[in-house]
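In what comes next, subunit A is part of two complexes: it sits with subunit B in the first one and with subunit C in the second one.
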Partner chain A sequence: MTRRRRIAIALALLAVVHVAALLAGFLAPYPYAEQHRDRPYAPPGNGFLLGTDAYGRDVLSRVLYGARISLFAGLAATLVSLVLGLAAGIAAGYFGGWCDRLLMRGGELMMALPWLYLLLAVRALLPLDISPGAAFLLLAGIIGAAGWVRPARLVRGVVLSARERAFVQAARGFGAGHGYLIRRHLLPLTTSVVVTQATVLAPQYILAEVALSFLGLGVAEPVPSWGNMLAELRHFGALTSHAWMLAPALVLVPVLLMYLVISDTLLDTLNLRQGRGA
Partner chain B sequence: MSPNLGRTFTRVLSPSRRVAGCVLLLASASAAESKDVLVVPGITGTPGGTLVYAQRSEAKTLNPLVASDSASREVIQRIQADLIHINRATGETEPALAKSWTVSTDGLHYTLQLREGLRFSDGQPFDADDVLFSFQAYLDEKVHSPQRDLLVIGGKPIAARKLGPYQVAFDLPGPYAAAERLFDGFAILPRHILEKPYRDGKLAEAWSLATPPAQVAGLGPFCFKRYVPGQELVFERNPNYWKSDAAGTPLPYLAELKFVLAGGEDMQVARFEAGESDLISRVGPRNFEALEKRRERRGYRLADAGPGLEYSFLFFNLNDLAASTSADLTARQAFFRREAFRRAVSLAIDRDALVRLVYLGRAAALTSPVPRGDRLWLDSSLPSLVRSVPQARELLAADKFHWAPDGSLLDPSGRKVEFSIVTSSGNPERVQMATLIQDDLKQLGMTVHVAPLEFRSLLARVFDTHDYEACVLSLAETDFDPNPGTSVWLSDAPNHFWHPEEKVPATPWEGEIDTLMRRQMTTLRFEERKRLVDRVQEIAMEHLPLIPLLTPDVLVAANGDLLNFHPALMEHNVLWNVEELSWKSPAR
Partner chain C sequence: MNRVSRFVVRRLMHGVVLLLALSFLSFALAQWAPGDFYSNLRADPQVSAATVSGLRAQSGLTRPLPVRYIIWLTGLLHGDFGYSLAYHGPVAALLPERIASTLLLTATAVLLAWGLALPLGIWSAAGRRGWLDSLSTAGASLLLAIPELVLAIALLSLAVETGWLPGGGKVSRAHDAMGALARFGDVAWHMVIPVTVLVAGLAPVLMRHVRAALLETMAAPFALSTRAHGIPRRRILFRHLLPAALNPIVSLFGVSLGTLLSASLLVEVITGWPGLGPLFVEAIMARDFALVLSVVMLSAAFLLLGNLAADLLLCRIDPRIRRAEA
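And then the complex of A and B:
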């Protein structure tokens, strides 16, 4: 299978899942918070395609609505990381000197911190009754801000080498200002790094959101997220009594795989094109 | 090894079982020393065998003076004994190290007659000096025992006096209801071992788990044999124990009691199900169902002892907050304080769903803030709480609440009724209850957020900073008697959840409850006390500072070959009669 076709198929599958998440309001048979208290843990069938959870809420509907939180929090966090990483990487690579040292050492410090405890600590400081929307944005923001360092270092590498290229020197010689140089000459060179990092970070951040919600620190009840749905399975005997609660994982794994396929393929492609990867 | 001529039984343990912790010293060369043995009727068993019990967390110390965590208390109470013991099955007091006692007519002076001829597990004799020493240590403020407060009545401590080598008198500073229940749980310590550390000021550090077993002694059914950190804590039978069965066989039947670390309820259940442990206490309802499914295959016994002494409740922040507190919280308190609001919330909660969905039917809905397992003190005249959303709406409407066009509830000043319920994230049942309550209150138009927090942050918010709006918590009473509950009901008490440590009662009804609770504490006649405690419950249900939810059942399981297994509602639910437990055929 050619690289292009591989990426195309993976992208198509991802698109299907993301569009389904966006259209959850239309596709879901029940509202995600509607409790059918007479049918707790009902097995699949009888009006509930994927069964119900402890309160009698339809699992299929919750998987669809939960996709919104898990997938888009991951994507939003990726955006945050990339924007921050791009800004930091360009500043460090272009200006060099103390700016570079400050950003890189600061970044190394952040990388040394255990991210999970960092997230737990930040989450504990938040007010108690934030609305689900605010919680979602906050979550994406925190996860994204915790991970700007790696893209920053990669971008810095690109900028450092690009800074010395002939056309950049020439433009500088002609009196181009910093802004023009960055915008016109350096940014375009970083696109391949940014795109690849996006496909590498997105699955990690989706998993980070799932992990946080699994620990009960993501969005609050009754808003579903794949993480807080999977938290039900923590109990002894849960898998044997109600295996249909595993549904979010069965969707999550292919999604992550597709992201990995894309990022793998892209990395391969870039290696080929540039001789050595960024 | 010299035989102890004071034995009243004939069976001899194999010499290899004798280790340092239970060395028997040579007794007098005279004929059999008389020993006041307590005979436990109605049980039989075969001596021998090991019982393995998996603990959720590890014990931290063997020192009864400082132990405050449940894992330490769990093990300490198996190697120590008290003067007067509360029988966990009947809830009544019974003689333990004190074989009898008399009370003066004013109820202020207890004279206890101690059993004679008893020896600690290391063979040293027991007498009144040990009792006096123990109470001196418990009451000594420099030792900082958490149990000291239990011996302080109305600000003054109990006094102990020696009347004879086997007779001790206790003087109470004021009349105290059910005073004999005070003695339960106060381990009588060996003066011959602990007096020196006490004089050196090092008593609180004594008896850590690293202590050599020979230096730990007690009057309980077992004695300390061995500790391997992170793995097991092993006790062996105390050959000097002062109980026997009706046939004269000395108790305990078991030769060894082993505590292993499981590290959590799910792990406890997994180990029990695999046959690696023999008893399990206070299982959650889902684990109980999972065990039920596998019962036939494995042959263990499951028991649902009925509603216990724990009760769950919802309460609102009624503290007087500083002006610097968030404007939202102060504004919301305006409707928290309205009794119609609290009554409507109580009416809208579907307690049946809580029992059915969260506890799988293994709980009992509450009618008052007294656990359902406390049948003696529960006010049975209070009606059961029937859910009625229409009635709740009427109550709110009558109190000038109204509904916006989108259905959301607005308080009399037009503010949207929205608040958050905090609960412990480590307790899935409470989080589930909060989620169900959230959905119930949606039907009244209230917007409720559920905020699970780590337990210690939760406690800090509720008791220290008062930075919360509503909370779902549960409390496990340690005794059937209402006296321990004064730490919740007295308005200046630290556990007065909704408004701890009030300097003066914040409302007239809280003042009334104060008076009633203080009176029942010094009323000696049961009927009078019952009337006072009933009235407290009626006031509590009228004003609803705590909205009672349910009491979970006590769910336990035991190996099928264990004899004399009788789960109790009071702690320790399965090990309270460990000296009576026996294997059918102790080949193990």
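And then the complex of A and C:
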């Protein structure tokens, strides 16, 4: 399979899942919090395509609505990380000097902490009982902000070498300002690094949201997230008697796999291109 | 002082400065956080505001920030990690047992993962494009896409259903009544699931790195010339390619040592392993900042030590680095 086709297929599958999540309001057969108290843990079929949970809530509906939180918190966090990383990386690489030192030292400080501990610690500093909307933004913000260092370092590397290239020097010689140089010449050169980083970070961040919600530090019930849905399986034996409760994981794994396929393929291509250039 | 020890001292100083900065940052952040251990008490209508502020004053929460930081830091340097409000005791007394549990789990997992990843990575790179390479890289990708969380839950339920393995925890109920050998076996039996999950998460990552490092060396011109000299394949692989590919692998080994304290948080929480992870999560829920800060500082220190170990190893094996450091 060619690289291009592999990426196209993976992207198409991801798009299907994301669109389904966006259209949860239309696709879900029930509201996510509607309880059918007479039918707790109903097996799949008979009105509930993926069965029901302990409160008789439809699992399919909850997976769809949960995807909204889990997938889009991951994507929003990726966006935050990349914007911060781009800004820091360009500032450090382009201006150099104390700006570079300050940013890179700060980055070192962030990298000195294990990532999940950092996330949990920052989450610990903030109030625990907040509305689902606020929790969503908070999660995306924290996860994204905690991960700015890696993209920033990569962007800095690209900018450092790009700054010395002939066409950039020429533009500067013609009197181009900082803003113009960055926007017109440096930013486009960072595209491949940024896109590749996006596909590397997004699955990590989706998992981070799932982990935080699983631990009870994310989005709270009754609003579903894949993390807090999986948390219900912590009761021993819940899985063997109610296997359908694993539904969020069955969507999560393919989504992660698709991201992995895309990022691997992109990294391969990037390496090849660099190898040829060298 | 010779070159290597000067290098060690410089790296250690760097680590200390980093830790100090980190300690101040996390301490300041913890102080700005809304709510503390006692704000939960206020939810109880029987506890008056005066009682709460009295308790706060008693535990020193009302003093100014720099004063508290200095007190906390000097305590830390003397091995006093502060007082855990949630566990009603010094944090230092809580930690050793938890750390030992975590290290037991993660050290076993890291060792096993390297033991699997190194030969598999080498093998798969050596037989590139063969069926073994395709199989192992595909398997690694699949394992990478299965989160620890899901795998742990699935294995635990399987264990509970079949009764083949214990369903979480570190020891059985009858543990205290067992002989020494049976106790060892009991703990080992309980470790199977968490270690499997950790290895399944770690080994594919390591394997991919080993494979990539080796493939990169194989593309180097000197690799071609060894072949042209008619040196046997096996000898090329182990005497020429592997040493040349060792640097990134050694760095990775250092990193994996550094994450010994922190890598197993989720797995510990899910499988009920009494390590640092569950303690940390409980401390967060209880807003017990002395405990949270201690665990954060410890894990950061460990990560830095891991990196230092990697640097030292690199310095030991690579003369180029030794010369550059001089």
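Here, the second predicted complex is superposed on the first by the 270 of 278 C-alpha atoms of A that agree within 3 Å, B and C clash if a C-alpha of one lies under 4 Å from a C-alpha of the other, contacts with A are read in each partner's own complex, and residues count from 1 in each chain.
Heads up, the rule we're going with is that a residue touches a chain if its C-beta (ideal position, glycine included) is under 8 Å from a C-beta of that chain, and two chains touch if they have at least 3 such contacts.
Owing to the predicted nature of the structure, the values given are computational and were not obtained by experimental measurement.
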Examine A:124 and indicate which partner it touches, taking first as subunit B and second as subunit C; both and neither are also allowed.
-> both
Could you say whether A:246 touches subunit B, subunit C, both of them, or neither, answering first, second, both or neither?
-> second
Is A:37 contacted by the first partner subunit B, the second partner subunit C, both or neither?
-> first
Greater subunit A contact set [subunit C / subunit B] | C
Regarding the shared-chain residue A:108, is it in contact with subunit B (first), subunit C (second), both, or neither?
-> second
May I ask you to decide whether A:23 touches subunit B, subunit C, both, or neither, giving the answer as first, second, both or neither?
-> neither
What is the contact status of A:12 with respect to subunit B (first) and subunit C (second): first, second, both, or neither?
-> neither
With the two complexes superposed on chain A, say which partner A:170 touches: subunit B (first), subunit C (second), both, or neither.
-> neither
Using the touch definition from the top, say if A:211 reaches subunit B (first), subunit C (second), both or neither.
-> second
The shared contact residues of subunit A with subunit B and subunit C are 124, 128, 215-217, 234, 236-238, 240
Which positions of subunit A touch subunit C when the two form their complex?
-> 108-109, 112-114, 116-117, 120-128, 207, 210-211, 214-217, 230, 233-234, 236-240, 246, 249, 252-254, 256-257, 260-261, 264, 275
Complex interface listing, subunit A residues touching subunit B = 33, 35, 37, 40, 54-56, 124, 128-130, 215-217, 220-222, 234-238, 240-241
In the complex of these two chains, what residues of subunit B are touching subunit A?
-> 266, 269-270, 286-287, 289-290, 293, 350, 353, 356-358, 418-420, 422, 425, 428, 431-432, 434-436, 438-439, 449-454, 457, 468-469
Okay, in this complex, where on subunit C does subunit A touch?
-> 18-19, 21-22, 25-26, 29-30, 32-35, 141-142, 144-147, 149-150, 153-154, 156-158, 160-161, 167-168, 219, 259, 261-263, 265-266, 269-270, 280-281, 283-285, 287, 289, 292, 295-296, 299-300, 303-304
